[in-house]
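Letters A, B, C, D and E name the chains as they come in the text, with residue numbers starting at 1 for each one.
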Amino acid sequence: MNFFLSIIFSFIAVMVVVLIPWIGVGALDLRVLFGIVIPYAAMATFFVGIIIRVIDWGRSPVPFRIPTTAGQEWSFPWIKRNRIDNPKGLGGVIVRMLFEVLTFRSLFRNTRLEYRRTQGVPKVDYEWEKWLWLAAILFHYSFLVIFLRHFRFFTEPVPGFVTLLQNLDGFMQMGAAPFNGFGLPGVYLTDMLLMAAVTWLLLRRVLYSQMRYISLPADYFPLFLILGLGFTGMLMRYLFRVDVTKVKELAIGLFKFSPTAPEGIGVIFYIHLFILCVLIAYFPFSKLMHLAGVFLSPTRNLANNNRFVRHVNPWNYPVATHTYEEYEDEFRDHMIEAGLPVEKGADATAETEEKE
Amino acid sequence: MYDGGKIIIGLIIGLGLLLSPFFYNAGKAAKAPDPELTQKAKEAKVCVAPTTYMRESHFTLLDEWRHTVVRDGERYYTSDDGKKYYKGLQTTCLDCHSNYSKFCELCHNYVDVDPYCWDCHILPEEKK
Amino acid sequence: MADTPKPEETAKIDHRAPLFEEGWMNKPAELKPGIYCYGSKPKNLEYVGMPYPKEWNPTDEDWQLPENWKEIIQEGFKDRLDRFRTLKLFMDICVRCGACADKCHFFIGSGDPKNMPVLRAELLRSVYRKNFTTGGKILGPFGGGRELTEEVLKEWWYYLYQCTECRRCSLFCPYGIDTAEVTILGRELTNLLGLNTDWIAAPVANCYRTGNHLGIQPHAYKDMLEFFTDEIEDITGIRMEQDFNRKGAEILFITPSGDVFADPGTYTAMGYMMLFHYLKSMGLDITWSTYASEGGNFGYFTSHEMAKRLNAKMYAEAKRLGVKWILGGECGHMWRVLNQYMDTFNGPADFLEEPVSPITGTKFENAKTTKMTHIVEFTADLIKHNKLKLDPSRNDHLKVTFHDSCNPARGMGFFEEPRYVIKNVCNHFYEMPPETIREQTFCCGSGAGLNAGEDMELRMRGGLPRANAVRYVHEKHGVNMLSCICAIDRAVFPDLMRYWVPEVDVTGVHEMVANALVFEGEKKRTTDLRGEPLPGMEDEEDV
Amino acid sequence: MMGVDRREFLKITGYAALFGLGGKAAMDIFAPGELEASMQGPPLTEGKRWAMVIDMGKCLEQQAKGKDGCKACTEACHRVHNVPDWGNPKHAIKWIWQDKYEHAFPDQPNPFMTESVRHQPVILLCNHCFNPPCVRVCPTKATFKRESDGIVMMDMHRCIGCRFCMAACPYGSRSFNWGNPRKAPKDLNPDYPTNRDYPERSKGVVEKCNFCAELIAKGELPACVQECDKIGAHALTFGDLNDPESNVRTLLQEHYTIRRKPELGTEPNIFYII
Amino acid sequence: MLDRALKGSQGYWGWLIFLLVLMGIGLGCWLYQFFEGLKITGMSRDVSWGLYIGQLTYFVGVAASGVMVVLPYYLHDYKAFGKITILGEFLAVSSIVMCLLFVFVDLGNPVRIMNVILYPTPNSILFWDMIVLNVYMLLNIIIGWNVLAAERKGIHYQKWIKVLIYISIPWAFSIHTVTAFLYAGLPGRHYWLTSIMAARFLSSAFCAGPALLILLCLIVKRVTNFDPGKEQIRTLAGIVTYAMLINVFFFLLELFTAFYSQIPGHMHPIVFLFKGLEGVGNLAPWMWAAAVFAVLSLVLLVVPSTRRNEGTLAVACAVLIAATWIDKGLGLIVAGFTPNPFDTVTQYWPTTPEVLITIGVLATGFFVLTVLYKVAVSIKEEAAA
């Protein structure tokens, strides 16, 4: 499986995902299936899948406390300790996790190897690598904002924070753009940031030889899916409009458990919805579970307090050891000869030898 | 399960946020809006474009109008059926749809859209 | 043993993977001489009761696997998934963002793409997907799954024993995936089939039997320290006493046996002895043990269970001798195990007391339950309280830099104490570039049981990033001494320096402490512990 | 306009609709070409270079009739265009207004002019320059000269409020909305907005006289001219400068006229008969 | 490298927090302005640009002055400046950040700022100003960052950087020239309608910018372990001296043209500035203070002993900055609008929120500057350590 095959496979898979609702709704008018049944099924898969997965992780214990210590530990009062990178208690762990989850702190450290050779002498340098961090953080935050903005379709009345978020996101009034209607309704910055960030995340997998080497179809597939999701969403907003009141009717019907699939919503909406359904149904079975996993990572969510708080391993079992008695039995004579203290006298050796 | 308490609390918080639309909407009557036509609109029967198009893309049309009027000086619009209209949000659209609060606003509120048209353009005075 | 290529040859590294290639899944590992260590000898496995001992050579076509080896792996894998949340999680959540890829010293030094931490873990992950996940079962390679074949097993063995478990990759991972943990558990799996390297298996057997990995028997151990006593007397004119296996002592001292038997660690051992002697009159009551004569835990490179079996000696000996607490020497993986595992493995050590420095009265609160204190902590505390008379100018011939050994660094967070001590005992101290020290420190390239002779090329490659940083300060500040607090470092750095940065020597911190330590009634020192003349000191005599 | 032609763009949308992407097709609404249609208005819509001639004599005559002079044109204009009164000269918005002769033509007066002449009110408005500096400096083409008839227009949807045009205009004809017109003091603007058929402006945009482009399009004269005619003063004449037979050309031939600051080369299209 | 900015002394963090507070206050005032409109400023129909655009003009000059260390080093191979080019480049970056923010806060419709890009208008100088400023900022970020990174790694920077450096030199002149063209090409604004406007801008930039750089170098020397160097400061002082002489000379040229020709339109703005017109003379004390500062700075700079003494040099630089700031950051814009097209005078004075927004923007610029300097100085310290 080389990278080329991986990309083609993932791309075709996403194309199929696009075609299914296109045919399903566009040609066969299966609105109930694509507007109600599949979304419910996908949501159920998503929630149940996540719960099962997380509980499955939880069923395995954390036998040892192995935090990565990225800063000075707690020792003497006169040595400045790093409370966040080497936490000794819950507070530090929480702050560390918050930094990790909210600012992608570990990724922020990222460096890029620069390897040179001058007259046979190697030189290794490290350049600060910020693009992955930047793309990652832009992508995740844009996705979050876009998701929350969609609450205007999920809730009635629409909560104030959603309106505020929309206003902030649409702050740049790019309305009345040179293309007719393209800027109307308001252009959201997160739309463009998301697409740019995901595009970069995809491109780097193709452009960097190391990334190309390690990437699997499972890496390209979600990227293509999210690109497709964003692309159809933007198309729907800026180009092939649909009747948003009907969209909301459908969406809110789902959330109120009185689903309807109103007539007259453009196929593009069903494509968008189906991609989303595939994405969330795929979620629990994929690497996307890092969303939940990051909170459970023992190298990050544990304090470095082993030396002063005992960690208990639930499956700790007794093991065979080489006891001092066995040791002394083997070396007693030498020890006595060398003047080393022994537990038993020289005759003890003879005794054991006799027994054997 | 190990650390079950923490994990379950985490799950509840995390999934609770994702499930919040279910809780938020539960027990609420979230009726889709039903915009009301004025007498004048009813009599006119047709708008400048078919209803579906107007529902989906009236702002595109308005933007098109705005642009051609201001920049190209083209003041008149011919509809599908050959009728000519003076391009004007206030003078044409709102003349017919003079019931902003029962027409435009219903859907705008429903899908939380707050167009900045009304920063400058004047809403019709409605008889209460 | 393969010939180790010249540095100029080794330096020709291409970090770019080929554009069109079949992909790593179908590319079997090619075992290159100089990169791998010899297979484990049966007697060493037998001694500690490990399964499937056999005489084998990794280059053999047939690895003499048991009939049901796949089942064993499958069962072992499942068992570990159920016992280690880390493994389960790390198998599931990697997104292959590539942040770890160029952080591994072996990848930097070799350019072998399978040395990227992500891919090293993927070797296991692919099998995990195939055998434990629905997607992998159905989609096969398209789901990232791969059949466990003999080829794959060989690849595992080859690459799992090319990881020093230094955790540098885990620092950069956005989810804290610790490839070392994957390696450790992967090695456990290979051990289920009797596949280990002899450079790990033999020390394990030795440690088990004699208490230390070199297999030094008690009388030889004592002899060695006596030899040091003579040496010290030559240099300082002071004769110090030996103290072994003494019941009722207050403190038990455990250090890696490398310090006792291999230069330049021996000088560090002499350093400990001199320090203890210095403090004796101030109330230090300490004893060495021949039974627990190894700090380093080679079992940790085999399996958690073996680590526990070897580690048990420490508390057992402390209990037997009835000491109050344990003092640990300068060691790398010893401290990783002590910090992260010991109390969990073999605790609670309720027969010991919370460590208190008998000299300063300082309570080592951070060692409250393990009851084991690091000698560098201990010394830093002494210096802070002005308990040591030091003459740092005796180290003026040294321009020192400090290597943060990965285990105390990323497994403990032990950064400031050694620096504090070094800065108090020598006048010329220079840091290596920030990207290569402290939590970002680079491994020596030979940890986790790799410092054999037959894998010299691998070691020189793995040590390249560290050597490169040393060269930087060597060229810039004329640094000629690389200090460290790890016995493996002290054992392997001389080779590494000779290879990449000649003219830089290696030392432990307590060697420098002892050099600077001014004894009452000692004779004028004209040489350091190594017998090398102290510049300026001869002249003083003339005045 | 950038690259894509607006109608082309609509066409793209239309094709998309053909494939059913946009739900109900938009295609059948806008068959290309039909959009071209525009209503043929009266001849007034066909001017090529609109201009105004202000007969100061007639104006002053009318001014003399009222106790406070005559402000009919200003009032009419500002009423029609919803221009608020801020009550603060610093924030004033002026489309057409009066100022003293010495201020309107600062380079004309001499020290020996009588006080009354110097202080004579002059009608001022945007000159709709043939060579407008304000258009030259605008970074967004929010102000532009209409090629069809030479009117210097403002695109209120595009103005970013940088006020470069105000610095560039040598005639002080441009006003900036320092605040939201709807928040202008209520006591000064009791019945604001005064014309419900014309929009207001948002805060932060520049505005000015637009020669009543919206009225011209309907074949009507600008509001100020209409008003002046209505009160019988006939001081303002609006017409096409490009038409040699036009009313304005006739006036220019018959009278000596001046323009404001002609030395700047802006070629104003407002002429004053003095 | 940015991680160096995350580790600092208490003083460093204290200063950053202080700046953040100012930024917060500025942001608050800007929000007030955003919702109320620009009527909360002192600007008016007649004086429609004020403090904001004045600061834009001034800091474009500071940004352009970065070339005064870059040019001698790269074109004349004046080695000593190699040590401080990065300080000049990072000063340029933070100055441009301020410039762009000053334009932003001056806009009546900031939400439409993208229109400048959506509707590119080559005939507008403002459009070009946007381009030259942004490109100059990018150039300086790329050059500064890469050269610094190379220094950290102890290697020579990449060849393509050299190309950018050569581009950046004329580009620096272009940013201030284009900014001068914003004003110099407007009909009917006599004070601005002068062909030596760009020359005046450059001369004032090349004295005020390096003067600020000297002060920054002295501060860096004080609070860090990095010493920008005696020779460097001495050479900079020489540059400042010549540039200030030329600056004053150019101003005197303007005075001559205006007052010998006796053309009222040319005289009035200057009279307004120094004496007042139609009873409005609120700028006169400032302008006279500027004149005194200018003379004082020239005396201190021309006399070799005071120029070489770091204490008096610092005083000279400070008063020079004050003099040029009053001239360019305050007087130039207001006088351009005064008298107005109707030959009348409207008084302008910034309001409190306007001043606070200005301070907020300055604080943002200095925040960026502090962070960039922290990175640069840390790397320099590491390289020297």
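Convention: a residue touches a chain if its C-beta (ideal position, glycine included) is under 8 Å from a C-beta of that chain, and two chains touch if they have at least 3 such contacts.
Everything numeric in this text was worked out from a predicted model, so none of it was measured.
Here the two chains linked by the largest count of contacting C-beta pairs are A-C. A summary of chain positions shows that the Cα centroid lying nearest the centre of all protein Cα atoms is that of chain A.
Look at the CA centroids: the one farthest from the centroid of chain D belongs to C. Chain C and chain E have centres, each the mean of its CA atoms, that are 56 Å apart.
The mean-CA centres of chain D and chain E are about 38 angstrom from one another, to the nearest whole unit. Between chain A and chain D, the centres computed from C-alpha atoms are 59 Å apart. Mean C-alpha position of chain B lies 48 Å from that of chain E.
In chain C, the positions touching at least two other chains are 85, 433. Residues of chain B in contact with two or more other chains: 2, 52, 56-57, 64, 66-67, 116. Residue positions of chain D touching 2 or more other chains: 2, 6, 10, 22-24, 157-158, 202. Within the complex formed with chain C, the residues of chain E that make contact are 152, 154, 382, 385.
Listing the residues of chain D that touch chain E in their complex gives 2, 89-92, 99, 102-104, 106, 133, 136-142, 158-164, 166-172, 175-180, 202-206, 261, 264-266.
The part of chain C that touches chain A in the complex is made up of residues 7-8, 11-13, 15-26, 49, 81-89, 92-99, 101-103, 108, 113, 116, 118-119, 122, 133-135, 139, 141-144, 167, 170-178, 181, 208-211, 217-219, 222-223, 244-247, 290-291, 304-305, 308-309, 312-313, 316-317, 320, 338-341, 343-345, 347-348, 362, 365-370, 372, 377, 380-381, 384, 409-417, 420, 433, 435-436, 439-440, 464-465, 468-469. Looking at the complex, you find that chain B touches chain D at residues 49-50, 52-53, 56-57, 64, 66-67, 70-71, 73-78, 80, 84, 88-91, 116, 119-122, 124-125. On the chain D side of its complex with chain B, the touching residues are 6, 10, 22-24, 26, 28-29, 31, 34-35, 37-39, 82, 144, 146, 148-149, 153, 155-157, 193, 196-202, 213-214, 217-218.
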